[in-house]
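For reference, the structures are reproduced in the following blocks.
Shared chain: chain A. Partners: chain B in the first complex, chain C in the second.
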Partner chain A sequence: MGTAVLPLTGKRGSGSPLLALFPAAALLLFLAPVLAGLASTALAAFGYLPALGGTAPGLDPWRRLFAVPGLGASLGLTLRTGFLAAAVSLAAVLGLCATLHGSRLFRWLSRMLAPLLALPHAAAAIGLAFLIAPSGWVSRLLSPGLTGWQRPPDIAIVHDPFGLCLVLGLTLKEIPYLLFMAVAALEQIRVREQLAVCRTLGHGRAAAWLHVLIPQLYRQIRLPVYAVLAFSLSVVDVAVILAPTEPPPFSVLLFRLFTDRDLGLFFPASAGALLQLALTVAAIGVWRLGECAAGGLGRRLVCRGGARVPEGPAVSGFFGAVAGLPVLLSLGGALALALGSLSRSWFFPQALPSAWTLAHWMRHAPELLRPAGVTFAAALAAAAVGLFLVIGCLQNERVNGRNPAARTLWLLYTPLLVPQIAFLSGLQVLLVRLGLDGTWTALVGSHLLFVFPYLFLSLADPWRAFDLRYRTVALSLCGSRARSFLRVELPLMRRAVLFAFAVGFAVSANQYLPTLFAGAGRLTTLTVEAVTLASGNDPRVTGIYALAQAALPLAVFAAALALGARRRF
Partner chain B sequence: MNAPAPKRPGRAGLALCGVRIALNGTELVAGLTLAVAPGEVATVMGPSGAGKSSLLSYLCGTLDAAFAAQGEIWVDGREVSRLPVERRRIGILFQDDLLFPHLTVGENLLFAIPREIPGRRARRELVRRALAEAGLPGMEDRDPATLSGGQRARVALMRTLLSRPRAVLLDEPFSRLDAPLKAAIRQFVFDHVRAEGLPTLLVTHDPEDARAAGGPLLQLGPGLRDGREDPGAPAARNREDAP
Partner chain C sequence: MIAALRSLTVTAAVFAALRLAEAQGLPPTWEGILERARGQDVYWNAWAGDEPTNAFIAWVGRRVKETAGVNLVHVKLSLTAEAVSRVVAEKAAGRHEGGSIDLIWINGENFLAMKEQGLLFGPFTHRLPHFGLVDTAGKPSTVIDFTVPTEGYESPWRMARIVYVYDAARLPRPPRSIPAMLDWARANPGRITHPRIRNFLGSTFLKQALYELIDDPGRLVRPVGEEEFLARSAPLWRWYEELKPLLWRRGEQFPESGPAMRALLADGEIDIMISFNPNEATAGIARGILPPTVRTFVLERGTIGNTSFVAIPYNARHKEGALVVADFLLTPESQARAMHPEGMGNPTVLDLDRLAPEDRRRFAALPRGVATLSPEELGRALPEPHPSWMNRIVAEWERRYSR
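Moving on, here comes the complex of A and B:
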């Protein structure tokens, strides 16, 4: 009695203005640097950079860029390897899903994904080089029995002129990434039922996948595919380790210009960074046209009753092997690195070292500590800040009932689609201007640009799948939003949160260019050291750094999984 | 048509001989024998968990490997239990219409017409006629998502029929429709399978469906109910009732 009937639509007391700030803050924090960096790069590309004496805008940087020897060949190499790597990775993943989804091998591969994703690109590439080089482990295992080689053959396998080794190195990481996204996407599609319908309509399993399931799957992983394409076209660290050197891929060519002692080259390099951006945008456009063509062809075939698609154990075996290859090569590479770093003498055709020693590790452990510490601290900070922001954004959706628009997904992917070099160089100029270069703020902030999207992507689905009745019950029991969140909602999401944190950590530990540009040489990580050493002469030291680089994120993943498996914290 | 136990499975229609399905050692279907003549709709009833859907999965070949199953399946004088799903020529309609969301209505139907029927124009004509028959003329280019539940159910049936099956299974296809629509769609489906002379097996727990089907009625035993085993009763009981 006497109680006013509250209007059901009343907003009072239901929202949280504080949480509503999160999306805007997050967007500002990770989009503003990208845009500012791009703008600053663009200014330098047209000759305006007073700090380096560029005060008269003009086209001179572009003239100098186009005068760089080998530019055409370099661009050609980049386009060739970029498209090939993306296409091979996508084909492998789609083929694997189509032929082996639901099988034991598929489940095993899905379980192997977390450690494969945690493996840094640079470490994977260095391991691959160790494995397949003329004097690498594979060659040693086969020699002289199968090959007859008594000394390493004089052929270019790593750094091969066509760039196949680069393609292989890229697919090593891209296949697990796309498979991870595909496995998540397949949960949203009714695979079993649609497959059953197709087959009772008279279509084979393979035809059903080709015409019905793959089109639906592809729609869901389109953005990750674009990210893979953009990455393949603009990657620097993997290319430094595996790609041809004369001419190098365009990204490496730009990188050399940016890091040249002649600071005047900063101008043509900035023009090149813009060209890299244009190249990426154009490549995604061409890819989109390819999608349309494939879609049109698919529809024509559907109208004819579907294509005849070969299937059987040979086909599924082929795709199983293709998708299993990254696992084998990654594990084999890590093992080869470990053997190399522990060997005192290992003459060519021997399969194993003839004498073992810990001396390399003892000698290099002290100098490992500092970059390892920086890697660890930066990754911890970036993952923690990223997690805070992501949980804020997702909780805002939950509490304030905001449903994210499809467009926000594109925004989220921006740092993954825009070539790193295109905005990081400009960002560096701004950081120098603000006196922030080489500071922890700059380092963690630049990592956050890439940590945030991946954290968001890995936490969003489990967060949105949360059964809201738990929150209702918790709110009615304790009557406090903070307590409901801290005592009920967060603990229930513990496993997903820990996993996302590990993802964020691994992404940060993987960053090469951001560390280089924001760290300004004062803060350096294991990734930077490993890539720098990879072009040097001592493979054993390189191995030690690459192993240490891989060990950190793997350890964090293992810890996250172990903590997540416990019933209580 | 209530003469069971097809002694000569060489004749037209759908016949099951000694079908057994077990899960983790519990028999869900114990020695089922049944003949469904062309144009006849037989009904299988039983509580949830009694193995109705597993029976249909076994017949069309999509039964999960966790089940142990055996028994002959005859379609028009051909034993199909060892054939892959796509070569059994047994069509199925599920609770959900499962129209492929990335294709238009017309493409959904064209995809179902066997490849062996050549000619763009001939194929499109088949689709046009099927849609006209379903009371959806000219809807070829519609996105399935824009259709009503009843329209989608009719398109789904047309899709199954266009694939030229020799027998049809209905897995509670009317249970998600609301009452007035239900009767109409049911009539639509039954009329079509009868007109095409297709032996049809309907699974349902709505007695009204069974009455409308008018064919033999089969009751699957209690088996698992609410996830608990009924301790006193034998694991599965099948008996065949005249309607």
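Moving on, here comes the complex of A and C:
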């Protein structure tokens, strides 16, 4: 019976009706809360929120939003830093691939950058500030000996008016992420063969990458690039730590409006949330136009015989250094945080703490346990449920073909493209109404909104690149779809699945606003505690919580890498 | 006749109180409240950016567990507004009872905002047995929060006072008036700053200056309109216009908060900072986050004082437990603990003359911190201006300087 002809895809008749449910279920589960949250924010944006006395709809919230002082400068800052961070990260990753792909340095860098994916944004930003601020560790190491500074210099390195420090902080996380996505995508492009063809046609390595490989690579990582752009435009926690303060980026301005003591500002804040959404969509549109322009330019160049592209050790060394910078800065920041957490007191310009103590760790360790437990359980649950759903959706594609529901799955990226604050405050009302706030369901569910799209981004390409001949053989040997899936297909995908799981875990452990809104003070995670206690600006406490916050995702990453490396065949 | 009338009034008052208690759904007696509070979880939402305060709240939790069987949970906030917006969300969702917040540490504008939106439970302070010990006459800010009468909707738990912390190693004689501060800044540019204007300490910096620069400070306790504000605050803006470019980072960037500013003082980026905690310097030295050479000063013509309160949201699930905690905060034991300079070091809200001798001794026995001023040195507290002044200062600052 094993030799009977089993349908490989739905196009040939009976598919799997069970699997066909996955995309629809996922869409309903994830889109409904986002849309409900957005709707409630939109109502408030037009003046309707009876709980705060808003019963007369109108345009007043918008008038008040546009009257907020510094709005223009704030929007300008956001667009400048957002585009710059995304462009720099993308350029660094493409440059790195083009100049170093296949080399030992490239493999080393992509291995070193993977754990950085697990590092929480806020912790990375705090570490960076610790490192490069005028009174930071680097300045302390050089002072007063080399610099002559007895006091920190009065220069705005962190919070600089142009926003360069914010851009640097964002690239710290975005370069590893894009590189990781690019490495996965490159596995499906036959790089070596295409390079060989180009070379026989007389083109250099750099020209081959620019004209032949990068266009193919870019097409595959386009969605992650959009996610990076949207993230850069709407990030709050990193911006609070690194961006200019007067005026701040628009996302921070909005957050301030939402949390102002004047509750009436909730209305213009809601209008602002919609504006932020429009801004993100418009920015992606502009980026898309840029893609077309770049594509056109590239084609014209090719017709003229290709561009003259500089190459050589200097160029590859440059890109190696650019990609190495996040590793260096993150490690340095983590080390500075660790030193800080062990210090009794540590004032400028001492290179190291003047007195050491374990007391802070001893005092905070018991308080870390409960939030650590919640973080672990929620991230485990969110990553597991997310993985189940993502694999279901992808397997549905494999078995049933790309049916209409599967083709609308891109909608699931909405939570990454919509600024969190725009729908989370509305979602909070919904959760309260359902009596779900402060429950595990709400916590894991709200994390899933963000875990799911990242899992999908991580798994979709490897899944689609799976060599279907394995499946054909497995089906004929096992005789059932389930057995073929569990015994052959899943084990073959093990490494990608484990890595995606670790990414999902890290994304969940990283969530600040969703935890705040869904946890209702009943369930709190290390990230929430870290951000909250960072408001006290005690370097020891900040260090302890930032390190504790980073430890769990890093451990899961390490475990995933170790498990993935084990041979089973 | 008069006696009869008085007893009638008393009876009526008692009945009114009982009816109110009934309307609030509370047991009529304190014993009844204690009974119901036993075993309740009380979620106290409180800003968690100050380690000594967090440690104090943890201690309160242990004590109310021992004495009243109440389980106190400190829900740590980075902004009080998080709790306010949660109550708003619950109201919007129609959860008028069984709310997730039982007690909030609240002050000034947040209190006013919640009270005006009908988000608070009360009045309740008349139910607290220890409220009678509060020095409402000598410390009027215990019942008048930013000129707004509290009307029993919030209960005081500690006193706060504007002080300036400076590093005596770098600055032997700090400027003790607002004009002197400008003179000093001219000679030492970039050595002073204040938190961003929408942080309460940022606006407080200007409010304190206004007190000294306005021709009639008595005017500050009444609401102010746009026109009058501009006329009366003109000297403030003349002063600030000159000071601003002399601030840290030329007055173009500001620290996010008070604690962020404290880090600048610790590393010698600035020499003077404003604080609302009279024990800031001593506590900072003890914790190793300020150098041992920091000291405290106040302005010769006095500084603003106010009070920290706790309030109960209108939909709190465990109001009885919240009342028990609010009352415990007013006990001499708790107040003396709060005043210990190695802990929070906040002056008490109580009238010491009303305490039993053994309770008074708790306070007499307290050491004074190395960098904390004595009550005589602190001098008299100025009342907080009406919130409209603060709001207009913020709006005018943003109009002038936010581009």
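Note that the second predicted complex is superposed on the first by the 464 of 569 C-alpha atoms of A that agree within 3 Å, B and C clash if a C-alpha of one lies under 4 Å from a C-alpha of the other, contacts with A are read in each partner's own complex, and residues count from 1 in each chain.
Criterion: contacts are C-beta pairs under 8 Å (C-beta built on N, C-alpha and C of every residue); 3 or more make two chains touch, one makes a residue touch a chain.
Please read all numbers here as calculations on a predicted model, not as lab measurements.
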Touched partner set for A:Ser425, first chain B, second chain C, both or neither: second
Which partner, chain B or chain C, touches more chain A residues: C
Contacts of A:Val212 with chain B and chain C, given as first, second, both or neither: first
First (chain B), second (chain C), both or neither touched by A:Leu201: first
Touching partner for A:Pro152 - first (chain B), second (chain C), both, neither: second
Contacts of A:Leu27 with chain B and chain C, given as first, second, both or neither: neither
First, second, both or neither for A:Arg299, with chain B first and chain C second: first
Set intersection of chain A contacts, chain C complex versus chain B complex: none
Touch list for chain B against partner chain A, complex: 57, 60-62, 84-92, 94, 96, 98, 100-103, 107, 110-117, 120, 123, 159-160, 163-165
Contact set on chain A toward chain C in their complex: 49-53, 69-70, 72-73, 134-135, 150-152, 154, 156, 159, 161, 240, 244-247, 256, 258-263, 266, 343-345, 347-348, 355, 425, 428-430, 432-433, 435, 437-438, 516, 520-522, 524, 529, 531-541
Complex interface listing, chain C residues touching chain A: 43, 45, 47-51, 73, 75-86, 88-95, 100-101, 108-110, 113, 117, 190, 196, 198, 200, 248-249, 252-254, 256-257, 259-260, 262-264, 266-269, 287-289, 291, 391, 398-399, 401-403
Contacting residues of chain A [partner chain B, same complex]: 190, 192-205, 211-212, 215-216, 219, 299, 302-306, 308
